[in-house]
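There are two complexes below, and they share subunit A, which is joined by subunit B in the first and by subunit C in the second.
After this line comes the complex of A and B, so read on.
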């Protein structure tokens, strides 16, 4: 079974600075494997280990994603090999474009049985790339995946759905988007980190993937911080607990919460 | 001069940071300190992630490692606030992997894999410590057996260990350098008894006296070559001093960070105390000491990696970092004021634990003894 982990080498939000007007300065943010993706690496590795499979990492983005550090950071997370599309034509590309390029890369890799991705990217948070990728490939797409196991030539997939868990069998190629807590990602160990540079990496030429040019149908108009509401910051003196409880319920009633 | 980290070092530190966040949060360390327990589960997690065999030969599942990387990792664990959390046990285990027999190696590796303390180092005695020539514990070989008699004291982590790496001398050999041998003695050997010593520092590592009265074991408990115990023991002492210095650096950085954050938040006379120049002076001098410690530790590690003779460097580094580290923690406690001395605060634990490094692994004064005579020799 050939499993592709589609991940993003994204700016680390911990390094970003938010200005008073809500603008985000990413200029000092270092790259890292997007926070929601290690769970996809873990699901893929465990799945591959149960069926003698192979795990190929796949990431696309601007030329800056192809650094020795970025390669080793991904390869130390249980991958057998890595494929990248690193081209400045992809700088700032939207989710639809990224999914199209990922689809081209998956076709170029060939004989892929399943693509596993995180539920979202940590910097943009579109939550749509994995399912758009499935559509681009013409494959089934399942999001909210919390577990996956191999059963003969099929995959048994557990999904979180409203009010419960759904179990489905996927008999053909499929794209899975894992929930953030689907697995506890292992911490890359000494051997994995020190051995990462020895694993094969292939850089695909964007032009050779024959991905159609993007249609300029969507352009961001504005961004704004979410409304945090009108915080009142009421302080209660807890020295007299019954009185404090009464004050709390009164304050909650006054604000309309109760 | 390149002060940057390699890709591998960056990734190792990132990975270690994740592991510390998951397996070694402050609440865990505080509990260990309160209950006087070893960080067993953290050590096991470190071993599972491959950090527990750093520097071991590859035939024992180890990973080759340079000294700079070793001190970076030791510093990072200490910056979490955990005393002696990483590094020293690896150096001690290396003694067994290098000089021990196959049974001893297998046993020690098994304990490491389980996160347990593989053995305690039984060196110090009531009448001998840095002056090893005064060692009185004897090991007499007879009929394929060895019989031990003597007392060890201030032995760290022995009560949590299955074995004691005993240094004992053959009373028939006059030259103390040739009389001392190294032995791996099970702590449950008949005739071996202990007496716990409560102390105000290093709560996660117990201390005790050990009494050996006619403890008799097969000669296979000998580690390495008979009479070469002192040389074997000395082999890793320079690296041990370096790891201790890195530990002091990390803990001092932790105390500094806590104090600087507190100074930014604690309001007196209507403004944060960090805005007062007296507090800024303290923080500035603490930062200078940290920078000096860092440079000292990294450069000494770099010298090890270059194969340069350390001569007095290890002792100088250990002395400076132990003293400067404690001074940083002391000033951190001063910035915290009365809060700093209350039980359960991290800065109070760091202050206690850093104080212990001014004698653990060799006192400030013995470092002068080691470095001073080397300096004079180099200039004679």
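After this line comes the complex of A and C, so read on.
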């Protein structure tokens, strides 16, 4: 079975700066494997080990995603090989375009049985790239996946649905988006990182993938801090509890809540 | 002895700060196989941002580095300010001689450290990020004391002929081997630091700079609420680095927290003109070793050398905090000594003795000795309070034109001194101690 892990080399939100007006400055943010993706690596590796499968990592983005550090960070997480599309034409590309390029790369890799992705990316949080990829490929798409096992040629997939768990069987090729806690990802050790440097990486040429230019590009026109409502930020000293309780009821009365 | 296991690398360097990256680069340049292990997901991600790099030593490794490396500004102006609660007296040294050749630059570690590490990678170093070394692998050495043969992280072990401990001020590798004792608190200071965002043009206006010029302000007096230490304010391209360094024992004695002192500094009227409208973007706290030469212990043992701040190599003269330049200087010395030792096939403590010899011959240990008295000098509490008041009174006497006839400067100074708790004897003694220490 050929398993592709689609992951993102994403800017770390911890390094982003949010201005008082809500503008976000990503210029100092460093790249890393997006926070929810290691779960996908883990699911894919475990699945491959039970069915003598092969795991290929796949990421697309701007030229800067291809560094020795970025390659090792991915290859040390249980991949057999890595495929990248690193082209500045993809800088700031929206989720739909990323999904289209991923689809082109999956076709180029060939004979893929399943693509596993994380729930969403940590920087953009589109929550649609995996399902758009399924649509682009004309494959089935399943999100909220909490477990997957091989059963002969098909996959048994457990999904989290409202109020419970649903089990489905996928026969044909399928794209899966894992929940954030579907597996406990291993932290790569020194031997895995050393081994990573010896595994093959293939860089695909964007032009050769023949992905049609997007009909439209979606870009945010503004960002804003979350609305904190009309909080008044009153703090009561709780050293003397009964007194604090009295102050609280008085304050609630005064503001008309009680 | 058991059959020696073939090492995975010639050298394992632990810690990708300035010391580790430069050591790794220099070793790889001279043909050794090197792995550089960093616990952060990327170099620089764990390091407190910002500072002034006295960069002449880095020119030895990367000639003209300031043109290529992500440096913020070239320092052409050093300002020393004595603060009292309501006044500021400054000494302003600016000189074109500081600009060419480049003497000092400001750097933000989140950018600078990755650059240094990438230079090492280009030279062939295997950079291993996101791995925290948990322990040293040792075997009994020639004289019974342990010989370092590698490191362990999680379940994995890696072996090398030599391990370089470049793991910073808390160096657990050096401690693990008992090379460094637990420092008495008067050898440690706590640094609190923040990066404040301001537009480039505003910085250049406020600090009187043009182009890529930068200013470094050292501040003493009321900024630390009487606690031994000082503050600094450095200009980056589009931000300021502001911080305090406080003597740990003094801080504990004062019953205050470092954050309290730092907030006092942030709101100090003496700094307000520089900081107005600046936004805090980064905030961190870190220990600084400031025991002078007294803190440098054993730096080479069987199979291991200790470099940079892990070896206690920092100087806090009260007016400058230096560590990165000493880290780089020690890394060069260590790398060259290791190359020599590996070639000679003797990586015991005596085979690696060339490291200390080089350090003693170069600026690193000499400067450590020169400034060795600085911590003691700074223990003289007058530096943190009364002198600032005294200086302010003198200058108020000169510039505070209140329609009374002006006295001669000497008279002003005498009168200010008479009203100050500082005695002439103390002033002379501290002045002398200062001259000797700095």
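Definition applied: the second predicted complex is superposed on the first by the 228 of 258 C-alpha atoms of A that agree within 3 Å, B and C clash if a C-alpha of one lies under 4 Å from a C-alpha of the other, contacts with A are read in each partner's own complex, and residues count from 1 in each chain.
Operating definition for what follows: a residue touches a chain if its C-beta (ideal position, glycine included) is under 8 Å from a C-beta of that chain, and two chains touch if they have at least 3 such contacts.
No experiment lies behind these values; they were computed from the predicted model shown.
Annotation: superposed three-chain arrangement on subunit A; subunit B versus subunit C shows a clash. By the touch criterion defined above, A:19 reaches subunit C but does not reach subunit B. Once chain A of one complex is fitted onto chain A of the other, the partner contacts of A:179 are absent, as it touches neither subunit B nor subunit C.
Shared-chain residue A:73: touches subunit B and subunit C both. Touch criterion not met for A:34: it reaches neither subunit B nor subunit C. After the shared chain A is superposed, the part of subunit C among 63-71, 81-89, 171-179 or 405-413 that runs into subunit B is 171-179, by C-alpha clashes. Subunit A residues 32, 68-69, 72-73, 187-191, 193-194, 197 lie at the interface with subunit B in one structure and with subunit C in the other. On the side of subunit A, the complex with subunit C involves touching residues 12, 15, 17, 19-20, 28, 30-32, 68-69, 72-73, 187-191, 193-194, 197.
Interface of subunit B with subunit A (complex): residues 7-8, 10-12, 14-15, 18-19, 22, 48-51, 53-54, 63, 65. By the touch criterion stated above, subunit A contacts subunit B in their complex at residues 32, 68-69, 72-73, 76, 186-194, 196-197. Within the complex, the subunit C residues that touch subunit A are 8, 35, 37, 41-42, 45, 110-111, 114, 121, 126-131, 153-158, 197, 279, 281.
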